[in-house]
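Structures given as structure tokens follow.
In what comes next, subunit A is part of two complexes: it sits with subunit B in the first one and with subunit C in the second one.
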Partner chain A sequence: MSTLDKKAKEAMDDDTAHASGGGDNGAGGFIILFFIIGFAASMVLGWVVFPKLLYSQKQQPFSFNHALHVGEVDEGCESCHFFREDGSFSGIPKLAQCTDCHEEPMGETEDEAIFVEQYVAKEREVPWFSYSRQPDCVFFSHAAHVVGAKMDCVACHGHIGESERSRPYEYNRLTGYSRDIWGKNIAGFKNNSWDRMKMDDCAQCHKEAGIIHTSSVQTQRDACFVCHK
Partner chain B sequence: MKVDRRSFLSFVIGGAAGTALSPLPWKLMDDSSIWSQMWPWTPVPPDGEVVYEDSTCTLCPGGCGISVRKVDHRAVKIEGKKGHPVNDGGICILGLSGLQLLYGPTRIKSPMKRIGERGQGKWQKISWDEAMAILTEKLSDIRNKGEAHTVAAIAGTEGGTVPALLQRFMTAYGSPNFIRTPSHQDADELAVKTLFGASGRTGFDLENADYILSFGSGIVDGWGSPVRMFRASSLWKEKNVTVVQVEPRLSNSAAKATRWIPVNPGTEADLALGIAAVMIAQNMVDPGAVAGAGGWENQLLANYGTKKVSQVTGVDAGVILELAKGFAKANRPLALCGRGKGLVAESLRETAAVYALNALTGNINQEGGMWAIPEADYIRWPDVASDELASAGLAQPRLDGAGTGRYAGARHLLNRLADAVNGGGPYPLQALLVAGANPCYDLPDTRSVRMALERIPFIVSFSSFNDETAAMADLLLPDHVYLERYGDVPVGAGLAQQVIGLSKPVVSPQFNTRHLGETLIVAARTMGGATADAFPWDNYETCLEETLAEKWDALIEEGIWVEADIAPVADTVRLAVTDAPAVQAEGDVNSFPLLLIPYDSIRLSSGYIGDPPFMIKTVSGTVVKGKDGFIEINPQTASATGLSEGSVATLTTPRGEARVRVHLFEGIQPGVVAMARGLGHTAYDGYLAGKGVNVNELIGPVEDPSSGHDAAWGIRAKLAKA
Partner chain C sequence: MKHEQNHTTPMRYGMAIDLDKCTGCGACMTACMAENNVPFKEDESDKLVSITWMRIFELNNGKAFPDTDICYLPRPCQHCEGHGGHSPCVSVCPATATDYSQETGIVSQIYTRCFGCRYCMGACPYHARYFNWWDPVWPDGMEKYLSPNVSVRMRGVVEKCSFCFHRYQLAKNQVYLDGERKVPEADYQTACTQACPAGAIVFGDLNNPEHQVHQIVKPDSENGNKSRNPRAFRLLERLGTNTKVYYLSNREWVRRAGDNYLAHEKTGQVSKPHH
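Entry: the complex of A and B
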């Protein structure tokens, strides 16, 4: 027997003695404790730290009060977010629309001052961040949903029309998508139809919406090309 | 507490379990797949409101109406304007690629002055005020020394208010040297003057003709107004109209024709006169439209017997008879000339011969025939009141000699400018202004043109693009490109009506450029005195609006003004005896046994506009491949010189030498070498520069003895294996 073998045997004997000894009861507890620590740490990492790392925040150029504007206009959302003559959707209003009323400051808020000084006076478009923009691979037609299927704005956009301040724009550092697409809940759970707008959410609604969404002969559902042109 | 191996493992397992139960891996997986499907650096065009803005294309003389599709403020596509009398919704490949000229890398983005050696490409951006100061100080200096005539201006065209302003500027300044870039327009104007005895141009009622005899005109290769020609060509197919293409090479136009007549290069005039002789001999002539033809007819019968013509042209005597009969017996025959796109003046002999053929059939000013109509005459500015300095300058002879002596018939002879500057002229040139032209690339014998420009101490380029001539300039005063500016576009291009199009700004100027009309008005105002008096307008737009007068509203509304009911300049053609010899190719037959002829292609833009990247991509690999330009030769020529498909050869002409690759082509006569025009640029961008060979470096101008116009149709050449 070599010296090395001898040492190994001694170490084994030592371990066996520890394991069987009555004074070592705490070792099992330690193991569980470490399991719990690891588990808890990774849960904290995954649920709390990870979303903070994944998403970055930007402030809108200035805060916009939807509630105030909806009160001032006659046709609700469509007063500013309208369909153009060719059926395309105008989306976020351009400066020209705003200046119809805001040639001069219309209030004394700080945001109004920023708007008029920085953008109206300088004829610069406001670089709004869009919370709801779908990526380039998605063909989304507002006309098909709002005019065709008579859907309400709230179904996808929630109660943004009642907001009094612009919340920070959060975007995914990896994909560049707005956080609204995945949804606020990092696990992807949702309570309302507008909480997230991933492909599954589109598909779910298309499935529920009945027999017209059967463009794919094979699946009797909507085919990929309906949205992915 | 001792952290042993088991605790550590336990920690790791706990961590793994926790991670699996957290969103981290699942969300990361989703995000990374999204990230890899849509790379963040892939450009995504911004969304916006789609609008169409109508304008007129000025990239060639064709005058097509265009509708530019815009998303918000960006132009994203150019389409043909539906219902437009010239192109009715059609568009050519160059018109389609126009956005690359607007947004592409070839633009000159600001006024600049040269700080390095000439041609070195070292520039300093300057302000418009500084640039205008440099220009006007220099010009005033020359003028105050009583040498106003030593300034010349080269313009791409003469039509419209902008070239007219440049011409007016030169007159008010006191220089007779306003020179237009050569084209078949030169020969056409001279032929109309000679045959009809009045100023004007020809127009062709192509759509109503029922027999087309084309002497090398590139019907689908860019002749006339290209989109109109494509349409006419399709219409002829539908209506079973006979189209005969007389051309030494099987061009696309020849391939699409009913019949291709391969003719010896440069003998088209002989064939036309031969056909005329047969028509006279066989009494197939309509006597109505021809006056004083007795002497001419006798000369024709004596000199252009079918047998002799057959020998000269290489066309069978039987074929000549057939052509004469077919042409004369057709109800509405029409003969066309102007080789390829009509970029070279050609000889008066050839143009007059073809127009005489039309006259003999009695189709002058008839439906389906050839019309002789006046140019649209709407620019009616008061005459310039010349001061003493200007009068003295204007009394000097033109540097190119046009309009006097043996060149009495010519109005512009840019082909003679290089020689004049290089020592053959009456006086040296002190300054040159270049607008809408690229003489350093576009004129035959570009080497001597460059040499001439090197001798001129002060060169100003108004080009929007980094072209070869701008590279030689001292001062760059970039004009807007056509999609950024107003402009009137009188359309000639073989239209049988007077058409004026309006170019409107489709997008706002992208860079710190300025409208040439504006530049000229400001320059004149700065120079003061009589020069300023000749330019009473506040700005170019006022000038344009006042000039177009009653047409302005219609042009703003419709984008086009058409005068269909125009009185022809004359109805009778006077045919007079001439002794003009045929134009020969330069070079000695023994040292240069082959003939090099340039050809035009719709895929290669010519003149001032360089091929945009979209277009150069469509050029066949047998025309240009990588950096190599090709020549077309018959397999017989190839085997005689030991060349095969793709081999590298040296092509030598009396004017230059080039390394080329060989493409074997049955559609070309043995002994003839063909090379595409529009390649071999040294300027513009990396998509165009350095590709192929500029045929103008190999070819030189040949003066038409009747006018002095460049009538070169080719040059003698030799080919050796490299």
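Entry: the complex of A and C
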């Protein structure tokens, strides 16, 4: 049989199949099945695999127990995270503040032992990863929010003061920014005011608080140089 | 959390530069570059790529010895107010990357918003804006000396003098802590002002009669903010850009050099608003 004949025979077979209507349901079922499998796979890829690829994790040098420390100090958060005289905010404490109490180990935890041996004894600063570090182009004034607007630390930082262990530091592999800025929820849902700290979240809170500036000529809203540098 | 905003009188930060005091030493340029993390190139003499937020120009009266005379003119961003904040660059920016603040009178530039079309550079009559043709390259270890208060720019965006706005932001922190309402004159000064050994640059709020710059310039708000000081002039004043950098000189030829005057025209005229 020549190739041409073969093709003709196949075409005839196809015609017969179509005419009888047999096999149509089976093929349609397969198409739907493959579609569902493909759809599910792309969903898993997008919602589970991609975020894992996008964010990388690092462990803090050692775990810090906020709850324990808040119980020991007198002035709450401000005992360690205070304003300097020039109005700037101290942020994560330097070694000098810690050594006021921690010249020698005060407790028996492993983490404190690491701290005293590797950092206090050697006079090295602890290379903490900052969860809340904003991008370089952002100017954030703690004084304006904490002193000026009398806001609570919890509004932006959540209940970090009650944490007993340091959670892993997650950062975006592309931008290098902490995951706390974009938020944990990959779909962008937000339940608490501290869930994320993007520019839209700043704007939302300013709007809710009724802070309406009209100093910008371009937008009739807040001028860019208020929060940018 | 609801609270009222204190609507204080708007400020108009500006400068008075005494050209008769300026010696052209360049300390203001150096201080500016160090303060604002301005990148430099291997060959800074190539003015097509070099970036100078503050730049000193040398003017001369074009006469032969012994009548020859020179004048050095420092040129920061002039922070034009135009009419109602519509400065040339702000009006043309398609990205809202540059903006005029009615609160401080400062023309801002947000590098992360800028996409580098350079329309603003074409619009600026003072060549105060610069384009980053290359990513900044700092000599080994020098990145540790960069100021954390000013963000560094990348290739492909426009940058310019900000009147050291970060210093205003930091001064505001102190104001909040002290419970005051306004930033004191001494707490917000630009780097070039402080660096000038001749004291030729005076910086402050042009709207505040207590500030030295107001007392020198005596701006006439009825007449397009033209200075009442006969020594003062602004660059290309008749364009109506309503700049906030005033220059002072006793020399008539210097004041004439501030604009394109025809032979029969007198200095010290200002255009009326077109609209």
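Following the convention adopted for this analysis, the second predicted complex is superposed on the first by the 201 of 229 C-alpha atoms of A that agree within 3 Å, B and C clash if a C-alpha of one lies under 4 Å from a C-alpha of the other, contacts with A are read in each partner's own complex, and residues count from 1 in each chain.
To be clear about the criterion, a contact is a pair of C-beta atoms (placed from the backbone, for glycine too) under 8 Å apart; a residue touches a chain by one contact, two chains touch by 3 or more.
These numbers were taken from a predicted model, which means no experiment stands behind them.
S.K.: For A:106, is the partner it touches subunit B (first), subunit C (second), both, or none of the two (neither)?
M.R.: Touch status of A:106: no partner.
S.K.: Identify the partner contact of A:40: answer first if only subunit B is touched, second if only subunit C is, both if each is, neither if none is.
M.R.: First partner only, subunit B.
S.K.: Let me test your reading of the model: by the given contact rule, A:186 touches which partner, first (subunit B), second (subunit C), both or neither?
M.R.: Once the two structures are laid over each other on A, A:186 reaches subunit B alone.
S.K.: After the superposition on A, what does A:121 contact: first (subunit B), second (subunit C), both or neither?
M.R.: neither
S.K.: Of the two partner chains, subunit B (first) and subunit C (second), which one does A:50 touch, if any: first, second, both, or neither?
M.R.: first
S.K.: Using the touch definition from the top, say if A:176 reaches subunit B (first), subunit C (second), both or neither.
M.R.: First partner only, subunit B.
S.K.: For A:225, is the partner it touches subunit B (first), subunit C (second), both, or none of the two (neither)?
M.R.: A:225: touches subunit C, not subunit B.
S.K.: Please work out whether A:88 is in contact with subunit B alone, subunit C alone, both, or neither, and reply first, second, both or neither.
M.R.: Both partners, subunit B and subunit C.
S.K.: Applying the touch criterion given at the start, work out whether A:137 contacts subunit B, subunit C, both or neither, answering first, second, both or neither.
M.R.: In the superposed model, A:137 contacts both subunit B and subunit C.
S.K.: Need the overlap of the two footprints on subunit A, from subunit B and from subunit C, as residue ranges.
M.R.: Shared contact residues on subunit A: 86, 88, 135-137.
S.K.: Which part of subunit C faces subunit A closely enough to touch in the complex?
M.R.: Its residues touching subunit A are 1-3, 5, 10, 84-86, 90, 93, 96, 98-104, 106, 108, 110-113, 149-152, 162, 165-166, 169-170, 172-178.
S.K.: Please give the residue numbers of subunit A that touch subunit C in the complex, ascending.
M.R.: Interface residues on the subunit A side: 83, 86-88, 135-137, 139, 141-144, 147-149, 151, 208-219, 223-226, 228-229.
S.K.: Considering the complex alone, what residue numbers of subunit A touch subunit B?
M.R.: Counting only subunit A, the residues touching subunit B are 27, 30-43, 45-47, 50-51, 54, 84, 86, 88, 90-91, 94, 135-137, 172, 174-177, 182, 186-188.
S.K.: If we count contacts the way the header does, which residues on subunit B are in touch with subunit A in the complex?
M.R.: The contact residues of subunit B facing subunit A are 1, 3-4, 6-8, 10-19, 21-24, 27-28, 30-32, 34-35, 37-38, 40, 42, 44, 47, 49-50, 72.
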